[in-house]
Amino acid sequence: MSRTTSLSAASSFWRPSSLLVNGLLLLAALAALFPLFWMLSVSFMQTGAASSLPPPLWPQDPTLAHYRQLLSQGGIGRAFVNSLGLALAVTCISTLFNATAGYAFAKLQFAGRDRIFALLIAALVIPGQVAMLPLFLMLKNLGLINSWGGVLVPGLAGIFGIFLVRQYARSIPDELIEAARMDGAGEFRLFFSVVLPVLKPVLVTLAVFAFLGSWNDFMWPLIVLTDGDLLTLPVALASLSREHVQDSELMMAGAVITVLPVLLLFVALQRYYMQGLLMGAVKQ
Amino acid sequence: MTLPAHPPSRARRQTAAWAFVAPALSVIALFFAVPVLLGLALSLSDFDIYALADLGNLRFVGLGNYGQVLQMPLFWQALGNTVYFVAFGVPLSIAVSLGTAVLLQSRLARCKPLFRTALFAPVVTTLVAVAVIWRYLFHVKYGLVNHALLSLGFDPVDWLGDPQWAMPTIILFAVWKNFGGNMIIFMAALQAVPQDLYEAARLDGAGPWAQFRHITLPNLAPTTLMVSILTTAGYFQLFAEPYVMTQGGPLQSTVSVLYLMYEEGFKWWNLGTASAVAFLLFLIIVSVTQGLLWLARRLSGGRA
Amino acid sequence: MADRRALLRVGAAGLAAPLLAGQAGCGRADPNLLRFWAMGREAEVAPQLLAGFERENPGLRLQIEALPWSAAHEKLLTAFAGDALPDMAQMGNSWLPEMAALGALEPLQPFLDKSRTVDKADYFSGIWATNEVAGRSVGLPWYVDTRLLFVRTDLLARAGFERVPRDWNGWLRCMAALQATGVATPLLLPTQEFEPLLALALQQRGELLKDGGRRGNFDSEGFRQALRFYLLMFQRGFAPGLSHNQVANVAQEFGRGSFAFYITGPWNIGEFKRRLPAALQDRWITAPLPGPLPEGVPGGGPGASVAGGSSLVVFRHSQRKPQAWKLIEYLSRPAVQQQFYRLTGNLPPRRSSWALADEGGRSLAQDRHASAFAEQLERVRPAPAVPEWERIAQEMQLFATRAAFAGVDLEETVRGLDVRVDAILEKRRWMLDRSAR
């Protein structure tokens, strides 16, 4: 395919077709990001400023008062720590569980392996909410309601995660594993020293997915947690939004605290996140 | 070739394999499979708040709950709302995803990584937080959207308070939130389309639109099908948006099937009814996805 | 490097474990931690209000949890279902039959018998009655609540009305006049609140449920009249079709004169006093709800309203019942109830609290904004005391909204509502019939 020379590259930007493409992209990017910019802007506005006509775009008199209020009284600081702790726990445990299981399904032989895997894939169709109510009753009998354990347990392993790891692990050359076995390595040693390094990219992907999934999870923590100081960020924010429906500036500050960490995490690790999406979706 | 010192026996390898899968499988079995089966059992009883207090108040009703749910006007309204959401949301979402993917893949596009990050950002944001933002942006009096409409000379719209407009607003929101995911998938699929096809078409004098219709779309068909099915199944599970933005209102125009399940189950504790709703939703999703697959097979088979 | 990664992972999981364990253990077993759930504005002032209690009981620690009203009922039931109820809570009176039917509440009679501060005779009898289920006291009234008119008297004066209207016809005339002077929607009637319609319905003769709470009685002349009047508000454009989401700040809009009438409860006395500027404080007043019949006719003039309010309950599974009762007793002291009024505008259920003079020498009964409530409290009727009431009330409101905005006709509405309510009450009928047998 012929490449444009550097001379015509600059001038080609101003061609109508190029302007159209870049213009549309710019419009789309603005549409995608505008609500987030507005959220940031309003969080610094004075109380009541956002509910005035004409609705302002920039704060007249920027203030940190809402952040201070949220962190001191609103329990948002607490919710942030809760969300972080939970997300880290889920990420570590689920990545470990999914990795071992995915590897086993890919490379180890055991009775009924393929049938069980087929069953797991079929189960992907079942929406998680079908299990929610009975799971609630089950956890109540285990005393896990209104505790972080109750929030954690459904997320400790996931079919999608196992699928991703298996896909990736299948590409590991068998000779590598056999060689290690010949050297007398036990299965666990083998896994940790030989397989895991190779799986690193998919593990980071899994970890990013798990972290984001746990951080953004709303419905299940909403149901399980009742104590105010156990709440995670999305639940605390939703409860705040019902109670303080008039304080839009306060709500936006809460939204910033909820959204900013994951946005930053995403920007830092976006390569892995998108890779994971592709692996899961494009490869059948 | 060295002889192995201790060749691991087949049996030992099997136990090791089981040890590897046991944690994940037990979590899935205990916290997913068992509840699903229990849910089926619940749906056959009239478990409610009275039964929660005293199990002696439980009655076995067989398929009675399913009959009752199918006769509830609210269920049909919820189903209608959900189907409305899927019918408009899925095509719109896919169109936007495909459009932005094509734009991003174009040779003419600049600063691609920057645009890609920007367009994908809404996907990772917490739904509750951005739903709150949208609620304020679409406020009937103080929202920026109505302000923009007014300055362009249009009448303001009661986005979240008018039963006609509430669901379209939620559809718009869902599309905004989710288009990035499918965009990435389409981008990868577009990359896989062989470039010489485009070369040949250009030499034949085909314009960009013709190239799109005759090369891009057919090559993307499998991906489009997969994305449609995944998005459809996902959109049938609409819940958080109505919960945060409209609480199912106004006039229950944004009650989705899952929202109905949540209300029946966790608001009024009619667990029997709620489980029946959940299983009905499951059956609907399965039938619709099967239908889509069958349709796709018909279409591609017919074209061959 | 792989081992390090594995170590890291195990280490992180290990760090997380104490998080879980720590939470599971802490607070639950502490015998000196009293967990109290309160709602709305009451929850906001509770720490301040209870500072005195904490000083008197240095060994006891209080954990006050704030619940928004819109989610409180749900959270209470969820907590009951999940065995996660606190030691005690504030609870709306209308929820008491439900929680009592579930066996969640501790009967308070033994505590009442031994108490020296709580005297049943001192409480308004209608309010005390709402706290008795099947003859047993399951809650102690904390404050009374009813729905009244909050009025911008200056806007009324501008429209030619020196006195707040006291009957329906006068009210309609007043609102028409207000519209003529530029107040486009004189009455704020949020469509997700069922209390205004309930108050109008309770002004009628007859009950909302019949056969001992087994069936709906909405297809009756009384309810029809109430619903017709309610729908008139929207038909004549007196009330906007605003949903909860759209009224960002009620106090702000009241101050701006977007509406002149608002049917709401005593907590807004506190809210408006706090949020409205000083210049507006003498331009608003509270007034009893106008009744259906004109003044002068027997039974005419201002009508009844909902007998609401919150009570304090102790949960059966609590391990700290005596401590919870101590807190309840503290909150029922007249001096504390007066302080409560000053902080929130919520009205005491004890006559002695009303009569108690504060430092300024004025008692509640003489307070400008509270006196209308004293008058209305003489004319309150409770909602039906069935466990399913919360659900029935919400269905009632839904049907009414549909009649107002989706063009469903009145006959169809009331008949459909009865069918729906009968279905909701089916289990109750089965249980009552079963226990009768």
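Which chain is which? They are A, B and C, in the order written, and residues in each are numbered from 1.
Rule of thumb we're sticking to: contacts are C-beta pairs under 8 Å (C-beta built on N, C-alpha and C of every residue); 3 or more make two chains touch, one makes a residue touch a chain.
Every value quoted in this text rests on a predicted model; they were computed, and no experiment measured them.
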Taking each chain's C-alpha mean as its centre, the one farthest from chain B: C
Chain pair with the higher count of C-beta pairs in contact (A-C, A-B): A-B
Chain A and chain C: spacing of chain centres that average the CA atoms, whole Å: 40
Centre distance in Å when chain A and chain B are each reduced to the mean of their C-alpha atoms: 16
Contacts with two or more other chains, residues of chain A listed in rising order: 51, 96, 137, 223, 248
Chain C, residues touching no fewer than two other chains: 78, 81, 244-245, 248
Two or more partner chains touched - positions in chain B: 135, 139, 141-142, 266
Interfacial residue positions of chain A with respect to chain B in the complex: 1, 12-13, 15, 17-18, 21-22, 24-26, 28-29, 31-33, 35-36, 38-39, 42, 50-55, 57, 96-98, 100-101, 103-105, 108-111, 113, 116, 120, 123, 125-135, 137-138, 153-154, 156-159, 162, 181-184, 186-188, 191, 212, 215-216, 218-219, 223, 233-235, 237-238, 241, 248, 251-252, 254-255, 258-259, 262-263, 265-267, 270, 273-274, 277-278, 281-282, 284
Touch list for chain C against partner chain A, complex: 1-3, 5-6, 9, 12-13, 15-17, 19-20, 23-24, 40, 65-66, 68, 70-71, 75, 78-79, 81-84, 244-245, 248-250, 252
Contacting residues of chain C [partner chain B, same complex]: 73-74, 77-78, 80-81, 98, 101-104, 191-192, 241-246, 248, 387, 391, 398, 401-402, 405-406, 427, 430-431
List of chain B residues in touch with chain C within their complex: 46, 48-50, 52-54, 57, 59, 135, 139-142, 158, 160-161, 163, 245-247, 249-252, 266-269
Contact set on chain B toward chain A in their complex: 2, 4-6, 8, 12-14, 16-21, 23-25, 27-28, 31-36, 38-39, 41-42, 100, 103-104, 106, 108-110, 114-115, 117-122, 124-130, 132-137, 139, 141-144, 147, 176, 180-181, 184-185, 188-189, 195, 199, 208, 223, 226-227, 230, 233, 236-237, 239-240, 243-244, 258, 261-262, 265-266, 271, 274-275, 278-279, 281-282, 285-286, 289
